[in-house]
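Okay, got some structures for you below.
Each of the two complexes below includes chain A, the first together with chain B, the second together with chain C.
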Partner chain A sequence: MSDRTLLVGPFNRVEGDLEIRLDVADGRVSAAYANSPLFRGFERILLGKQPQDALTITPRICGICSISQSAAAALALAACAGEQAAPEGARIAALLHGVENLADHLTHFYLFFMPDFARPEYAGRAWHDRAVARFTALQGSGLRAATEARAGLFHIVGLLGGKWPHTLAIQPGGVTRAPTARDKVRIGADLRAFRRFLEAELFGAPVEDFAALDGAGALDRWAGGDAGLFLSIAEDLDLAALGPGPGRLMSFGAYPGPEGTVFARGTWEAGRIGPLDPGDIAEDLSHAWMLGEAAHPEAGQTLPDAAMRAGAYSWCKAPRLAGRTMETGALARQAVDGHPLGRALAAEGGVRARVAARLLEIARTQIALEAMKAAIAPEAAFMRPLALPRQGAGAGLVEAARGALGHWCRIEDGRLASYQIVAPTTWNFSPRDASGTPGPVEAALVGAPVGPDEDTPLSVQHIVRSFDPCMVCTVH
Partner chain B sequence: MNILWLQSAGCGGCTMSLLCAESPGVMDLLDGAGLRILWHPSLSVETGAPVRRLLEAVEAGEQPLDILCVEGSILRGPNGTGRYHMLSGTGRSMLDWVRALAPRAAHVVAVGTCATYGGVTSAGENPADAVGVQYDGAHPGGALPAGFTSRAGLPVINVAGCPTHPDWVTETLLLIAAGEMRAEALDGFARPRFYADHLVHHACPRNEFYEYKASATELSQIGCMMEHLGCVGTQAVGDCNIRTWNGEGSCTRAGYPCINCTAPEFEEPGHGFAETPKFAGIPVGLPSDMPKAWFMALASLSKAATPRRIGVNATADRITVPPTLRKPRP
Partner chain C sequence: MSQIETFYDVMRRQGITRRSFMKYCALTAAALGLSPAFVPRIAHAMETKPRTPVIWVHGLECTCCSESFIRSAHPLAKDVVLSMISLDYDDTLMAAAGHAAEAAMRDTIERYKGNYILAVEGNPPLNEDGMFCISGGKPFVEKLRYAARDAKAIISWGACASYGCVQAAKPNPTRATPVHQVITDKPIIKVPGCPPIAEVMTGVITYMLTFDRLPTLDRQGRPAMFYSQRIHDKCYRRPHFDAGQFVEAWDDENARKGYCLYKMGCKGPTTYNACSTVRWNDGVSFPIQSGHGCIGCSEDGFWDQGSFYDRVTDLTQFGVEANADKVGLAAAGVVGAGVAAHAAISALKAAQKKTQSSKEEA
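Coming up: the complex of A and B.
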C-alpha cells in the first residue's frame, strides 16, 4: 500500500521534459511511472518526404544527440540503396560521432549529474565542500572548466561538420568535406587540448591509467581528479546499491567503420555476452498514448492517441527485445565490449556503475578518437556517389551517448513511406508493457529511499540522472 | 537582470549550442553583464516542487521577471488543447504557461527557429500543431497574438537559427542588459539586426566560385553550391561565415548548402534541401536584391569567363589547381 503519491516535475538537468510519478510506502518508492510528456511527431513529419530530407530533419530531433541521429539516418539510407559509405568517409563520420558522445558524457557528468552533490542537504559530509567548489550549478570551477573544454573539443565538429549541433556533413556516401593534412594536425591539437583537461581535471592521471582499470577493486582505489571525488561520494552514499537496472544490457555496437565497430554489438546478461538480433525488437503500445498493435519498427506506426486514454501515461512506446526490457548506454557498451571494468560494473548495475562506465568510456573514447585521427588519409576520397533507390528499406543502428539508437525506413515511389525511430531513452524510460512489466528506470526506482519531508526525493534524482535520459529523443 | 528559460517543443539544441560560447564562456558572459539565471531546465539545480513554486510566483507577479527565454516551438495540438506538451509536474500545457508568463516579462526572447516561427517541429503535416511564440511560420500571431508586446514595449525578440549561434543569443541578452535592444534593432521578422542584416553568403569561402558560377555538382565538391545543391546563402540572413561556428566552421565551409535556417518556413523549402529548383535549367531563386535580368546577364558572362583553375577546382573535393604565381621580375 502506498502512503502517498509524489509527482516529480519539471525534472531538470535531463535533456527534455520528464515527469515521474511515485508511489511511496514505508519511506521507499513502491512503484514509479515515467511519463514523457512531449509529442512532436517526427516519424509523421517524415512521411512523404524525399528520403534524403531525413538527413536534415532527423538530427533536429535532438540537440544533444544530433550527430547520432544524423549517423543513423545516413546508415539507414545507405542500407536502402544496399551500399556503404566510402571507407574514409565512414571514418570521419565515426570521428564526428565520437566527439559528440565524448562531449555528451562530459556534459552529463559536470552539468547534469554532479551538481546534486553540491546541494545543502549534503552539508556536513566529508566531501561536501569539494563538491560545492567543483560542481555548484552554473558556478562550480570544475563545471566551468568542463564547459570550456567541451567548447574546444567541438572545434573538431566545426572544422569537419560546419557546426554543432545539426550538421549535414554526414551523408549515405561519406562526408561532405575532405580533410586536409592541415585539418588533421589541427584535429590532433584539439584532441590534445581535451586530453589535457581530462588528465588535469577529470582523472588526475593519464587517461590510459583509467582505461586500464580491471575491476571494482581497482576502481575503489582510484582517487585522482573529479572522478576520484565522485567515487568517494559514491562510497559514502552507497550509490553502488542505488537504482539497480534490469540486469540485461544491450548495445548496437559503436562507430561502424572499415575495420568494424570500435565497441562491439551484443547483449550482456548474468555475466555472459551474447549476440543481438535486431529482429527481436518490438515496440509495445499498451501504456503509451499511441494507437495500433505492438510491432517491429519495420512495421511500426506512429498514431498518437489524441484522447490520451486513461490507463496509458506516456507518449513513449515500450520497446522490448524478445519481450524483455533492456538497459542501454555506456554501461552496456563497455560490458558488451568485454572490458573487465565494464563487466564488473555491469554486475554491480546501479547508479555508481552507470556513471563510472561513462568515465571509463570517456577515457577509452579519447584514445579511440586519437587513433581515428591518426588513420585519416587526406589523399583518399571521403564520399562515393550513391543513388537512393525508388523502392527500398533499410535500418541504421548506431550508439548514441545514451545507448542504442535505431532508424528503420522504407522508401516507396521515391518517397519515405515509413520511418520509425527507437532511441536509447525510449528503451530506458519506456512505460509498462502489456504484461505490466515496468520499464528499466521505473524498475530501478523501486526501493529508493524517500525522506518524510521530501517532495522531490534526492535518491530519485540520482537514479534518474544516472541514466542520462534524453527525453527529446525518447518520443521524438 | 534575471532570466527564466523554458524549453518548449524543440530539441534543446539551442541550449547545447549556447554552451559552446567562447571567449568567455556563457557563464562568465552572463555573470559579467549582470544577468542572473532564475531557472534554466538544463543548468539550474532546482527540480520539481521548487520550480513549480517559482513559476507560480512569476505568474502571480510576486517574483519580478526581466527576461523570459523560450526555446522550442509551442504545441497547440491536439485540437487546440496544447496537451501534446504538458509542462511536467504542473498539469498545465506549455502553451498555457507561455501565455501566462510572457506578459510578466520585461522582454520575451524566442530562441531558435522552432520558438520564433515553428521550425522543423511544424514541418510536414505538422502533427502537433506547432507554432512559434509570436509567429506561425512567416505570419504574425503564434502562441501569443500578433499585437503582443512585453512590458518593455517590444514584440517577442526572434533569435532565429537552427540551431542558434551561441553569440546570437548571448549578444541579444547583453544588448537587452545594456538597454540597447529597441524596436529599430529588429528586422521585419523581429530578428536582431546585428546578425540578420548580413547574408550567409558574406565571407563564404566559396565566393570566388560564385563569382563565376563555377558550380559543384555533388556534395563534397568545393565549387559554389547555389546552382545545383540548394544553397541559398545569397538569400539567407545570418553572419555565419563572418563570425563562424565552433571555431572556424560554417555549413558552406563544411561542404553542404545553407538551407536558410534563420528564416520562417525554412523547414518546407518545396524541394530537397540539397537540390536547387530550376525552371528550364535556370535556378529559380535569385540572390537578395539582385534584378533578375542583370543576374542572368552577369551569370552567363562570368560563366563564360571562368578561369581554368576555378572551373577545375569547382568539381573537385579539394584544391587541385593552385593560384598561378606571378613570375619574379627579371
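Coming up: the complex of A and C.
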C-alpha cells in the first residue's frame, strides 16, 4: 500500500470543530497534525472590560464546561484582590463544579465515545448487538437513560446557580445563593436519583465497589453495567494499547473547599507523583497562527496572524510545562491523586485507560458530592465582601472535566489589561512546538492502524474521542 | 414527497404508544398556550403530514444551545421531539463523522429540497474570508449559505445566531455576524438567549413542525409567545422592587430575604424573555432566583451595554411604574390609559435604544 495523506474532519460528537491531517505509511499513521479551526478572540474581547465582567464573558467560551470557566475566573479575580472566597461559598462552588464535571463525563461516555462501537463496521463482534441497542447515536437505550439522568442531576445547578449552561452564581467572594435547609434536602434527592442511575445502568453495582478497584486485574474482572460492556469491548479491540499518551500527566487539583482539594494537584511521570510549579508553564507559538514569542500566560498575548503563515497549522497555542508536553484530564487527576487504579491506568496510558479513569472519577465524584452536600451549613455566610483592586494580578487554576484549566489576569486602572486562558484541550490538542515535538494527541495518533479503504479511520476516531476534546475551549 | 413518513409513523417506529402520543399532543398545546380544542388538530397534523426534516449546523459558538435543548423538560421531549425531528444532520450529536457526515448533509439537502428547516447554532465570522471558523475544510459561512439555499425556513438559535453574542462583543475580533445579515432571502425566526430556555426551543420547533408555519413574531423576529414580556413583568421579586426593597451587597440580609436585585445590576427591567415564567432546568429556578441579577442575554448587543454589575440607568420606566401604582388607586378607565402609556413609552424607549446603538456603530 502506498503512502498517503488523509484529512480527517469534521469530527462530529466532539464539542466544537476539529480537523486532523494524517500521514499514513504501511497501514499506520506516521505523523498527525491537529488543527483547531475555530477562533473567536475572547482574550481580546476581555481587554478593557471591567474585571468582574470576566465572570459573565468567560463561561461563554464553552457551553459544556461553563462552570469550570466561571470557577477559574472567580478564583483569578479573588487572587487579584489577594483574598479567598467564604469557606462555605467555596464548598457550594465546588459542588456546582463537581456536578458539571460529573455530567460531562456522562455525556462523553454515552453521547460522544461509545456510539462509535455501534457502527456497522463492527457488525459480527460478540458485543455488537448490545452496543447497538445501548449506544446508537440519538437513539440507544443507554443514551436516553443517561440524558434523562443528566437533566435530573442538573436540577442541582438550576437550584443553586439559577440556570445551566452559563450559571452566574459563582463570584470571587463566594456564591450568590445561600442554600436553605430545604435546598439541602432537594440536592440530596437529586444526588440519590443520580446514584440510582449509576448503579442500575453504568456500573451495575454500588459506586463504592467501582471506586474500590485497586488495579488493572480487578478492573479486568468487572462485568457490571455499561462499564462492563465497555471493558469487554476494550479487551476485544485491545484499546489498552491504542493511542498511548506522552507518559506525563498534570493536574491543577480539583474542588478547593474548606477542607482542601478533593483531588490533589501535581504531576505524574513514570509511576512517580511530583509537585507542579505553574511558573514553569509557557505557551509556544511556533506552529500556531499567532504572533509573538513563547511566554508564560502572565505575559502572554493573543495576536492572531491574519496571514495564516505557512508552517503554522492551527489557531491553538502550544502550552508546555518546563518545555515538555503534558496530558491532562481524568486520568491525570486520578493518578496524581494517588488512587491505586488511577496509577495503574496511568501506567497503561491508552484509550482504555482514559475512559476507565473517567468511570473511576464518576464513582469517586458521586461519593465526594454526597459528602459536600452533607456538610452544607445553611446558616453560614456564603459570600465574603470583596473589593476588586484598581491594580492587581492573579491566576485561577481549576480542573475542568477535560483537565487543567488556567486563567491569568491583570487589572490596571480598574480595567482588564491582560487575560490569558489555557484550557485542557489546549494542552492535549496543542500543535508542535519550536523543537518540533508534537502535542499529546498528535503523538498518540502515531502508529494507529489505518485500513486500506478507510478515509475516516476508526482507530483515529477512538483515540481522538478518548481525550474528550473540547475544541471551543481550546482556542476560545 | 409521498415517501416521507409522517410524524406519527416516526413515533410509532420509535416505540411510542398511542397513549403517549395523545398525551404529547395535549401537553404541547398547553406548552404553546393553546386551548384544548387544538389537541385534535395537533394530533391530526402529526398523523397526516410528512415530518419536516431538520438540519442543525454549528458556527462560532459554544454549543450551549444544544446543551440546553437536550435537557428540555418539554413533554416527553427526549422520546418524542428528538425522534420526531430526528435531526437529519447535527454536527454535535449525529453518528457519522468526517466525509460520511458531509455526504449525509448533501443527501438531506438534495432529498428534501425546499422542504427542510435549517437550524443554526452560532454564527459565521466574516473577517479574513471566514477563516476563523473552518468546517470540513471550508469557511462556515459557505456551509451556511449552501444549507440555507434550499431551506424552507431558518431558526437562529440563541444570541449567537440572532445577534452575534459574545464573539461579536467589542472589538469583535473575527467580525462574527448574525445569520440574518448573511442570509437575506429566507424567513428567519430568532430565538435569542444565551442559551435560550430549553422549553422555548422545543416549543418553537414543535409549533413549526405541527402547523407548518412560523409562530407570530415580534418586530425583532422573535416568537411573540415567549418574548413579549419583560423578565421584570413576571419576576417573583417584583413586589420588592415596587416597595423599594433592594439587595445592597452580595449575601446581605436583604439578599437572604429575597429582595430585588436591581441595584446589583439586574437587567430584568429591559429584557424580554420567559425566564421568570418558564424558568430553567425543568422549571427549577432562574438566575434572579439564585440571587444574581439578569444579564439581559436575550437582548441585542447585551455584551456592550456597560458592566453586568452596573445599575440600569436609562430606566425611565421607573416613573411609569410609580404612576401605574398611583393610577391603580384611581378609576379603572384611568388604569387602562396608564397601561397604554406604559406600553407606548416602553416601545419608544426600545426604539431610542436602537438608534443609539446604531449611532455608536457608525
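One rule holds in what follows: the second predicted complex is superposed on the first by the 474 of 476 C-alpha atoms of A that agree within 3 Å, B and C clash if a C-alpha of one lies under 4 Å from a C-alpha of the other, contacts with A are read in each partner's own complex, and residues count from 1 in each chain.
Following the convention adopted for this analysis, contacts are C-beta pairs under 8 Å (C-beta built on N, C-alpha and C of every residue); 3 or more make two chains touch, one makes a residue touch a chain.
Since we're looking at a predicted model, the values are computed, not measured.
When the two structures are overlaid on chain A, which partner does A:118 contact: first (chain B), second (chain C), both, or neither?
both
Now for A:41: first (chain B), second (chain C), both, or neither, which partner does it touch?
both
Taking the superposition on A as described, I'd like to know which of chain B and chain C A:367 touches: first, second, both or neither.
In the superposition, A:367 contacts neither chain B nor chain C.
Identify the partner contact of A:308: answer first if only chain B is touched, second if only chain C is, both if each is, neither if none is.
Touch status of A:308: both partners.
What is the contact status of A:299 with respect to chain B (first) and chain C (second): first, second, both, or neither?
After superposition on chain A, A:299 lies in contact with neither partner.
Name the contact category of A:446: first (chain B only), second (chain C only), both, or neither.
neither
Can you give me the overlap between the chain B contact set and the chain C contact set on chain A?
Residues 7-13, 15-17, 19, 35, 37-41, 44-45, 49-50, 52-53, 55-57, 60-64, 66, 111, 115, 118-119, 136-139, 144, 147-148, 150-151, 154-155, 157-169, 171, 174-178, 304, 306, 308, 315, 381-383, 385, 455-456, 461, 472, which sit in both footprints.
Which chain B residues qualify as touching chain A in the complex?
Its residues touching chain A are 7, 9-17, 19-22, 25-28, 37, 39-52, 75, 77-79, 83-90, 119-121, 123-128, 130, 162-163, 218-220, 240, 244-257, 259, 261, 267, 272-274, 317-318.
Touching chain C in the complex: which residues of chain A?
Answer in residue numbers: 7-13, 15-17, 19, 35, 37-42, 44-45, 49-50, 52-53, 55-57, 60-64, 66, 86, 89, 111, 115, 118-119, 136-139, 144, 147-148, 150-151, 154-155, 157-169, 171, 173-178, 304, 306, 308, 315, 381-383, 385, 455-456, 461, 472.
Which stretch or stretches of chain A touch chain B in the complex?
It is residues 7-13, 15-19, 35, 37-41, 44-50, 52-53, 55-57, 60-64, 66, 107, 111-112, 115-116, 118-119, 136-139, 144, 147-148, 150-152, 154-155, 157-169, 171, 174-178, 180, 304, 306, 308, 315, 381-383, 385, 455-456, 461, 472 of chain A that touch chain B.
Residue numbers of chain C touching chain A in their complex, please.
Within the complex, chain C contacts chain A at residues 14, 58, 60-68, 70-71, 73, 78-79, 82-83, 86-87, 90-102, 125, 127-128, 131-137, 165-167, 169-174, 176, 194-195, 249-251, 255-256, 275, 279-282, 284-292, 295, 297, 303, 307-310.
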